[in-house]
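Once you scroll down, you'll see the structures, which are given as structure tokens.
Both complexes shown next keep chain A, but they swap its partner, so chain B is in the first and chain C is in the second.
So, the complex of A and B:
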């Protein structure tokens, strides 16, 4: 526990020092990055210790806040979430030291390093808090810190817009959490989490309400469809290393919140699992479909976060369904897949956002149709992005495959076991997962192909440069982690065992009937991945050898038999995705504006397309407009006169006094 | 001793009426300042047992801020702002006095319903506090000049201070210091606002702030 407090202390102090360093951007960078590194390494130690099997830590101390207690604990579930919190954040901090350098010439870097370290500390506090008041405080600090990080480039209009969207969304979500914890606190007679789990029995209506409250409150942070609206706004607006942490780590804390709440609510009824399956299907499929139609690299990645949260929700659904139907192996596989995907997504999504950041850093644009041919100038970034893309599509030998495989196996187990409605849900879930995988592969073929392959679509004044070591090393570490989990899934799953059993207090055991056969498959996964890697390496070596003594000539990528091929003749991102986008036109509602070529020798023609977020356009904007219209009627209260407002206070005070004292 | 306390409290209450009934800004500022000075004596009289250091500090701080610094600042603003030293209230002086009288009655009735604390040394303390609070709100509501608003807030703080005295033994010094600090910052901000209002609009009537409404 001392190491954990050391981590929190170092992060806060170094953040403060970075702010004090202010305009001196070199000093601020130094404080911020070194503090984040030291703090995160110190924080990782207890997390790993707990996952290795040592007893959990806990710390409690009185706190002046009403109903509050400074109660922290690290159990396996917390420790599992601490891994991405500290691990990915540390890498992102190293990356930021170089990424933010150009900004340092224009504005002070103190605040961004300060808020970044505070964000890490607050995320760690969120997962370690065992008191509802402390949890909410940490949760709110986390939301505010990330808001200030999103609005780093606040001189741009769209960044301010994104910041507001995020702030409104996160606060609406937190409002649900307030109700959730207040109701739980009233049942338990205390705001401590251990009292929450000790609640003996609750009316089933109340548990249902609490479950739904948690679903909306935490789901807003996690980004379940249709509560995801802030993700595609905030992630592109934030600096890339912040997007990596927010998308990779912060939204997972929504999943953590849901898991933690499940531990309070007792045995789950079957409809919870079905609800999660439904959420998983909609978020997953719609997330990837919307990603397909995007033209902005970081916006595309943001929609992929929605998709991956959907996959995690599918895993949770399978886990819950298995638990409620008394199928321990299935429950284990579902929760295991979900938890592993939490870690995996934090690795490959951070990798992809950092890669997108390097592209943005070098070219200054996120527009897919203005990029191209970067493979030649930025080979290392291209390589890491490719690895991230393969991992997110769930292709072996990388980590995404392992977690999706666990979810598949869990789903099939249930599908073969149940014949009723649950079986149907599971079948649909499996089909959705397969569809998500396919569409994700299509989407990343588009993203990788447009950005890195072909030839540059725009001529640039300066020659492009590869990212420097401070940006490449964190990405290489992430590549290594993705590969390691893909090659040794068996070890990772053993590591994860106490975290899974922590959800429903089962004894961690490999002895349950059927578990051994389920896990034997992991060895196959591992072997196949290794074989695949060997074959690839062999092919590469073979190519090198066979080309070694021959003359090699180079030519443009897209020649296509033209006499004078131009870069604009290449496939664009939009044209690549067009068949699939048209297929899903009913949900996407892509708007195109075209100026068709006219005459025998057309001079100009244009085609632009734009896909607004369906939830924003058809759900939230009309809803907010309605609320606004409803509240119009209260405008007469607002006269803009100080005296009148004071009169309201005066009248309220007197009425309350008279009412309370019973005159 | 008890008579002295009661005398101070009655005087403080009467000063409220002076503020309500006077048309001269200068007189109002002096009245509020005098009220502050009177109240700053109270902690010294009200203490039970030994005179604690923090009570003396509180008393001195109160005297310095409300008796000297704030009146000086306000009088200076009045002089530099070259504003008319008359008050133009939203409701007339007679009506204000009547409302003040009603507020006093309400305050007395209400405070008789409040549970009394064992540490209360004077039965007038709570009614005086409540009266000051209510009348300060009347001033805040019925006067339009920014300067009279500041006076209203000062009176409001006086009322809060009086309430605090009922708990004088247990009231943490920090709370009272916090309130004083709030007020200090508040008066400064108001001073700046007044300065800017008078510079921008050639008057310091908050009534005209409505033009800022969206």
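So, the complex of A and C:
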């Protein structure tokens, strides 16, 4: 526990020092990055210790806040979430030392390093808090810190807009959490989490309400469709290392919140699992479909976060359904897949956002159709982005496949076992997961293909440069972890065991037939991944042999005899995705503006297309417009006179006093 | 389990694939009144290509060179899970069907990237079509596999397509028939056959798979040809095992039955290709959705 406090202390102090460094951007960078590194390494130690099997830590101390207690604990579930919190954030911090340098010439870097370290500390506090008040405080600090990070480039209109959307969304979500914890606190008679878990029985209506509150409150942070609307706004607006941490780590804390709440609510009824399956299917499929229609690299990645949260929700649904139907192996596979995907997604999504950041750093644009051919100027960034793309598509031999495999196999277990409607749900879930896999591969073929392959679509004034070592080394570490989990999944799963059993306090015995075959399956996945790499290597040798002493020549790409091919004639990202976008037109509602060529000697033609978020455009904007119209009747309250506001405060106090004294 | 039958079937899986292509071509030639190339022509082609040098486009990078290596490697790995005969495949575990499908996904992904690496519009077009159709074929394939899994009670390829099927046809015949029909459509789509893709066309605008590999030459192209033959072989073996669930117990006899089934399937594909035109590209998604619906109806039938 001391190491954990050390981590929190170092992060907060170094954050403060970075702010104090002010306009001296080198000093601020120094404080911020070294503090983040030391803090994160210190924080990782207890997490790894707990996952290795040592007893959990806890710490309690009185706190003056009403109902609050300074109560922290690290159990395996917390420890599992601490891995991405500290691991990915440390790498992002190293990356930022170089990424932010150009900004340092224009503005002070103190605040961004300060808020970044505060964000890490608050995320760690969120997963370690065992008191609802403390949890909410940490949650709020996390939301505010990330808000200030998102609005770093606040001189740009769209960044302010995105920050505003994020601030509203996150607070609406938090409002649900207040209700959730208040209701739980009333039942338990205390705001401590251990008292919540000890609630002996609750009316089933109340559990249902609590479940739904948690679903909306934490789901807003996690980004379940249609609560995801802030994600595609905030992630592109934030600096790339912040997007990496927000998308890779912070939204996972929504999943953590849901898991933690599940431990309070007792045995789950079957409809919870079905609800999660439904959420998973909609978020997964719609997330990737919207990603396909995007032209902005970081916005595309943000929609993929929605998709991956959907995959995690599918895993949770399978786990819950398995638990409620008395299928321990299925439950284990579902929860295991979800938890492993939490870690995996934090690795490859951070990798992809950092890669996108390097592209932005070098070219100054996120617009897919203005890029191209970057593989030749930025070979290492391209390589790391390719690994991230394959991992996120769930392709072996990388880590994404392992977690998706666990979820598939869990789904199939239940599918073969159940004869009721639940089995049908699982069948749908499996089909949806297959569709998601296919579409994700299409989308990343588009993203990687347009940005890195072919030739540059625009000529640039300055020659492009590869990212420097401070940016590349964190990305290479992430590549290494993606490959390591893909090649040694059984090790990682053993590490994860205590975290999975932390959810419902049950571990299926390793001797059960299903468990044994699942673990053996993981070994085989690992063996196959290694074999696949070996066969590829063998083919490399074979080709080298067959090409030795043979002529190898270079020429142009086959152009059907056309004499003046140009880089702008390459297939664009928009054209690449067009057939799929068209198929899903009924949900996407892509708007295109066309100026067709006219006359015998057409001079100009234009085609632009734009896909607004369907939930924003057709659900939230009309809803908020209605609310606003409804509230216009209260305008007279706002007169802008200070005396009047003082009067309001006075009246409120009197009313509260009267109520409290019961006159 | 003895080693010899496993090695024998592995050897067959390595050697046989181009033969299927030869039989398809011969069937098409006969049906259209031509003599056609010898059945072994694909082998001659491979041999000739392996003797040649290579030409690379200046636009391309290592991704382009990786395509022809990674995709056959993925198919070869996937081949180890496919039960050609008898109790088991070379590799087999509970849930290997997912790995099998995703290995094929790896091959597709890298082929598409290699196509995009040339910077050619034609290849971009082919790649775009490939990913579109593949992402629709994927759920259809999984639902068809789910039907078979439900009937046989396993998600292990060598059990799903193993001796249990013979019994299953008696109890769940209609569902399996629907799954087989769906699987056949997926096979045609995944392997760039008519009516989804025309493997013999010479117009870049209309092709899918062929246009993606336009710029590959020499040994690289040989690897690609072999890889796509192997992919066809893998799908065909599963379909044949599904349709002809005969299990005698004598290894060589079982192998003969499977090979006869494969040749029969190749003839069937040849007949399909000679008797219909390629669908308009807009219609292809409908075909794939049909395939998914067939499998889903099969699923409802198993569900009672």
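Brief remarks on what is shown
The definition used in the following text is that the second predicted complex is superposed on the first by the 608 of 663 C-alpha atoms of A that agree within 3 Å, B and C clash if a C-alpha of one lies under 4 Å from a C-alpha of the other, contacts with A are read in each partner's own complex, and residues count from 1 in each chain.
Basically, a residue touches a chain if its C-beta (ideal position, glycine included) is under 8 Å from a C-beta of that chain, and two chains touch if they have at least 3 such contacts.
Please read these numbers as outputs of a predicted model, since none were measured by experiment.
Judged by the number of chain A residues each one touches, C leads among chain B and chain C.
Applying the stated contact rule after C-alpha superposition, one finds that A:518 touches chain C and leaves chain B untouched. Of the two partner chains placed by superposition, only chain B is touched by A:650; chain C is not. In the superposition on chain A, contact is made by A:434 with chain C only, not with chain B. When the shared chain is aligned, chain C comes close enough to touch A:559, but chain B does not.
Looking at the shared chain after the overlay, A:661 reaches chain B, while chain C stays out of its contact range. Of the two partner chains placed by the overlay, only chain B lies in contact with A:640; chain C stays clear of it.
Across the two superposed structures, the residue set of chain A contacted by chain B and also by chain C is empty. Residues 372-373, 375-376, 386, 390, 393-396, 401, 404-405, 408-409, 412, 415-416, 419, 423-424, 427, 430-435, 437-439, 441-442, 444-446, 448-450, 452-455, 517-518, 520-521, 524-525, 527-528, 531-532, 535-536, 538-540, 543, 546-547, 550-560, 567, 569-571, 575-580, 583 of chain A are the ones that touch chain C when the two sit in their complex. Of all the residues in chain A, the ones that touch chain B in their complex are 638-643, 646-647, 649-650, 653-654, 657-658, 661-663. Those residues of chain B that touch chain A in the complex are listed here as 90, 106, 109-110, 113-114, 134, 137-138, 140-144, 149, 206-207, 209-210, 212-213.
By the touch criterion given at the top, residues 50, 52-61, 63, 68-70, 72-74, 76-77, 80, 91, 93-96, 98-99, 101-103, 105-106, 108-109, 112-113, 116-125, 127-129, 131-132, 134-139, 141-143, 146, 149-150, 153-155, 204, 214-215, 218-220, 223, 281, 285, 292, 299, 303-304 of chain C touch chain A in their complex.
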